[in-house]
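Per-chain numbering from 1; labels A, B, C and D assigned in written order.
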């Protein structure tokens, strides 16, 4: 029920034209206010705080829809934030984001490298030394680290100002909670962008003619679309396994698998999508780039498959006498 | 000139039927004696020792022909041996082979793991502690480590008997000489087996009909054969770069690249060859298996691409300020 | 089916409680009855023939698992079947003897046979007394199953005379029966028209089985020659002339099982044990990739199983899982081969090396049995509306 | 050409001494004249437009390198050209302004033009005063170049009227001329028949250039509209109706160059510098794979160069190297992206990240320009006798 309503909301408020305008520098405030006003950002909040106390399975379709529609704002982080803040907290205003890592430098400053939406964010959730902190992004130096409308940035807080701008959220959450959420969220976003890239490519294959017939009739194109479908299906399934019902915070290993599987598919799907589309696909005016730019950015965000495969593999190797099938099954039946 | 004569020799003495018979347990002596008697094994030996003092470029076609014809004996090792033994030595009788590594165990015994032709060899050239040794294989315990006609084996010499069965060849050769020869030789063998696998597959694609036309008319088959041709061409070129004129012992990095490029192609070419052939390709009676079994075995022998890529990469990273193009060019123009 | 529909068909599903509980029973059985075999033998799984093991499994009630109890079947639902097959394959159990009868021939006879055929064959299948093989492929036909040349002609005094040959038949030399797709009227140019299926008693006069040795030295495949073999009228299964439709249904059973992801699993587990014994963590990324791929595949496979359990016929979905699954199975083989080549000087135990060599040599067949890559991608493309 | 012939055509070749010596000259020039650009700009190479740099290169005598000295050309042989191009691309020099004129348009005019055309255009090309672009693709045509709809009709008082449009033209907004493939008789259904090539002055009335912004925010491509553009008779290049044969020859020039392996090289070198600065050796295997692939490709490319130097026309060989080369260029992009994602917590410098992002976004074009993967594999398959 939320899903259909959210789809309708995004089709109305976040069209490809809206995405392009915000990416080109138009104010994001109208969209953000519409999102905030819609109540969708509160879905994971407690009912007494105006939320719906949704579990992971319930919220997944909304997160994937953000990826599908290339929403250029950290709405996913805002939704997930509600599952991480203590219930007695008032959710802070403004655009939030998650820091993939936070490193205390030798001069005492704090560096958060490659923060998604780092150029726009007003609040950054970050974890170091086993504590979850909420940082004021507006007190940080920001250095863009993307190209062409990618809002990711390195954020750095001076040692002197850090105490004033960091608010201790909790010790209570598990050591890997934020890490798992960052991975799971970007896996869900990738699932949406993968689906959209595939739809555009399939549609193009069916509609575009060349050498006197639709290109989808060529065996080579059919095979590429079949392979694409396989990888999108696998990626979506991996994501679904990381968003089970009755849980409100992703577990590390399923999130690791989801992010790994989606990141791996991202490179392949972007490559096939562009190969099938030909030159039209790399133009700004055609919508494919809205999705494939994000496939590349999100493949990297919070760690690519190279990182997460290593996490999964180390965990499996640690478990003496566990077969790979048992390892997988126990995660899926947990 | 030697090349054509050697081709003729192999077509006469080492037909697929001959290979099958020896693999099935028939005596290899007649073939070995024919090889020895032909003089081809002496090509790298000095002219005063009855050889032709061939350089690497000169001997490469013969080594690749051994791979092309699936010669089931260590003729390549025998040819290379002549470039490694001091000129005053008499070349020992019997089948020689090269140990990829030789490890002194805690009990003082010497272990040479996964020695190609280890089940058949009479002499093993091995290197440890910077010294090149010739070992009597008949004094070793042999443990087969292959399946279905693969003659590779772990060889182990007791500490007590080792001194009697090891003859010091030289300190003079560079630390990596045997290592480089092992890689280069198996790259050359792979180049031959890759070529043969490709020829069989192309021929099959042209001759075999299905759904009313030759399968080579299907776009998917054409693309697979095109990809195969690309990888075989690249592998052969990498091998040629490791066998330059005016040198008689391969250099480490070109040998590393050759073995890596051929090993990588081996997996891919074997896979495409079998996919195109369908079920007939995995039968004992069809010749493809003579080549693809060797692609797998030689991919591993003396280190797969996983090993050699690491060697090449470490060397490039060591060279501060060297671009990859300069690194490659300097090797090729050396 | 539109694209969106196809992807949306893969709904996440969990194994229900009864299927989870059933797993413990299967494990207890395997702990007792599974013969002690080295990994290189267990890696043969599908192709490993052990009539005694199949009979023990039958005695436990687990052969003919989809068949009704009245014929001795287990009437397991799709989820329990998934668990049984998953456990057998992960253990590397030698299931070849009863495998085809259990998965294809039994269901085919049940679906298309008459009562006499059911009563005769199904109980024998469920007791592992009747082993079946499939006669679809013919020499020079490859994936083009419709180009059937083997011919059944009506005899003057009733019955049929069978002439021709079939190839790539699994373990025909050990089987009692073949269900053969043959031409009962017309010519090969008629393609799908005029085909019928017959149950052929392989001990009948005129039947010759020639085992085909494969590149690994096994003889799991064979060629079967029919020289004027007499068939009773009762040998015809289903409708005369409906052979093509029946075979299509049979292939759909064949392609949807979980075994399409587990063919190399014995090798993977054997390699993991070796890495753990060595304390080698350098391959953690590869290990993690393979585990991650398996997790997604298993999720997809259970999702297809849930559709089967719901009485649907998820042909395109099954083709997609099989294509991805055989890619995974072959990826395991080639990746572990590469990993073992990382250290040319390492002393690696022979069992692991032989298992790796065997799986690498035989794994091209994974993308042949039940449809080549080209065939399956064509099925998916059709499901996507491209053809 | 049989298969054996094709593979045997890749004979190892070494650059001759004069070409090796020439490299030092090119390096000295670049050390002085190459503008200081960050890696993310140098990564644009082929697409980087810098008229001033092109004029300095022309002043040094290195534009129009294949053209005879009488027209101001350098008459470099194929080996020296290889060295020049290799050095320019490895440096990430902004060569787009003169690139097409140097490699395609100049040789085309020299081969098919009349003396008046040669005398007019070639010296201007060699002085970097005339920049050219190519008018082959049309909207909705994709790889199907023969489906040309742009039309030149004979004027009543001589000359031609040009109507239609071309697309994916590199930097047309900065170019002086386009060599356009247009239909001079018949209809698009006539395919290769009735096509001709014209040199179109892009400043002529009726020509409109619309730059096309790409996904990286650049406007390197453009669409060019012709609205009743008047062309003199002298604008026809070569024979009327021979346009297809001429374009085929032109594409063969285009596909055989060494630039088909170096498009991502700036990214690779930038990443190596980063790894060295970090003392990070974990990616040695990937580094080694990329270096190994480059070595084989460079060997193949020099081998094709030797055939060109010998006056041959190695069309199939060049297609093979290009297909493998663009695969390598795209592999660099995606592999380095993955490697940079190994440590989500690492602080990586922005220049490397931006270079990586740019190359990953633009690299799909590497397998479009000069023929898609499908087209090139088709050329190879034909060379193998399959079609």
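Here is the rule we use: contacts are C-beta pairs under 8 Å (C-beta built on N, C-alpha and C of every residue); 3 or more make two chains touch, one makes a residue touch a chain.
Source: prediction; values computed, not measured.
Counting hops only between chains that touch, chain C reaches chain D in a minimum of 2. Chain B and chain D have Cα centroids lying 39 Å from one another. With centres set at the average Cα position, the gap from chain A to chain D is 37 Å. Computed centre separation for the pair chain A/chain B is 49 angstrom, with centres defined by C-alpha atoms. Contacts with at least two other chains are made by residues 218-221, 223, 305-306, 310 of chain B. Those residues of chain D in touch with two or more other chains are numbered 374, 377.
If you sketch which chains touch which, the pattern fits none of the simple shapes: not an open path, not a single ring, not a star, and not all-to-all. By the touch criterion given at the top, residues 100-101, 103, 111, 113-114, 143-150, 154, 182, 208-211, 215, 218, 220-221, 263, 267, 270-271, 274-275, 278-279, 281-285, 289, 292-293, 296-297, 299-307, 310 of chain B touch chain C in their complex. By the touch rule above, chain C contacts chain A in their complex via residues 3-4, 6-7, 10, 12, 14-15, 20, 86, 90, 262, 265, 268-269, 272, 275-276, 281, 283-300, 303, 320, 323-324, 327, 374, 376-378, 380-381, 384-387.
Interface residues of chain A, counted against chain B in their complex, comprise 218-220, 223. If you check the complex, the residues on chain A that touch chain C are 195, 198-199, 202, 205-206, 216-217, 219, 221-223, 225-227, 229-238, 240-241, 256-257, 260-261, 264, 305-306, 308-317, 320, 323-325, 327-329, 331-333.
Taken in their complex, chain C has these residues touching chain B: 40, 137, 140-144, 147, 167-168, 212-217, 221, 330, 334, 337-348, 350, 353-354, 357-358, 360-362, 364-365, 367-368, 372-374, 377.
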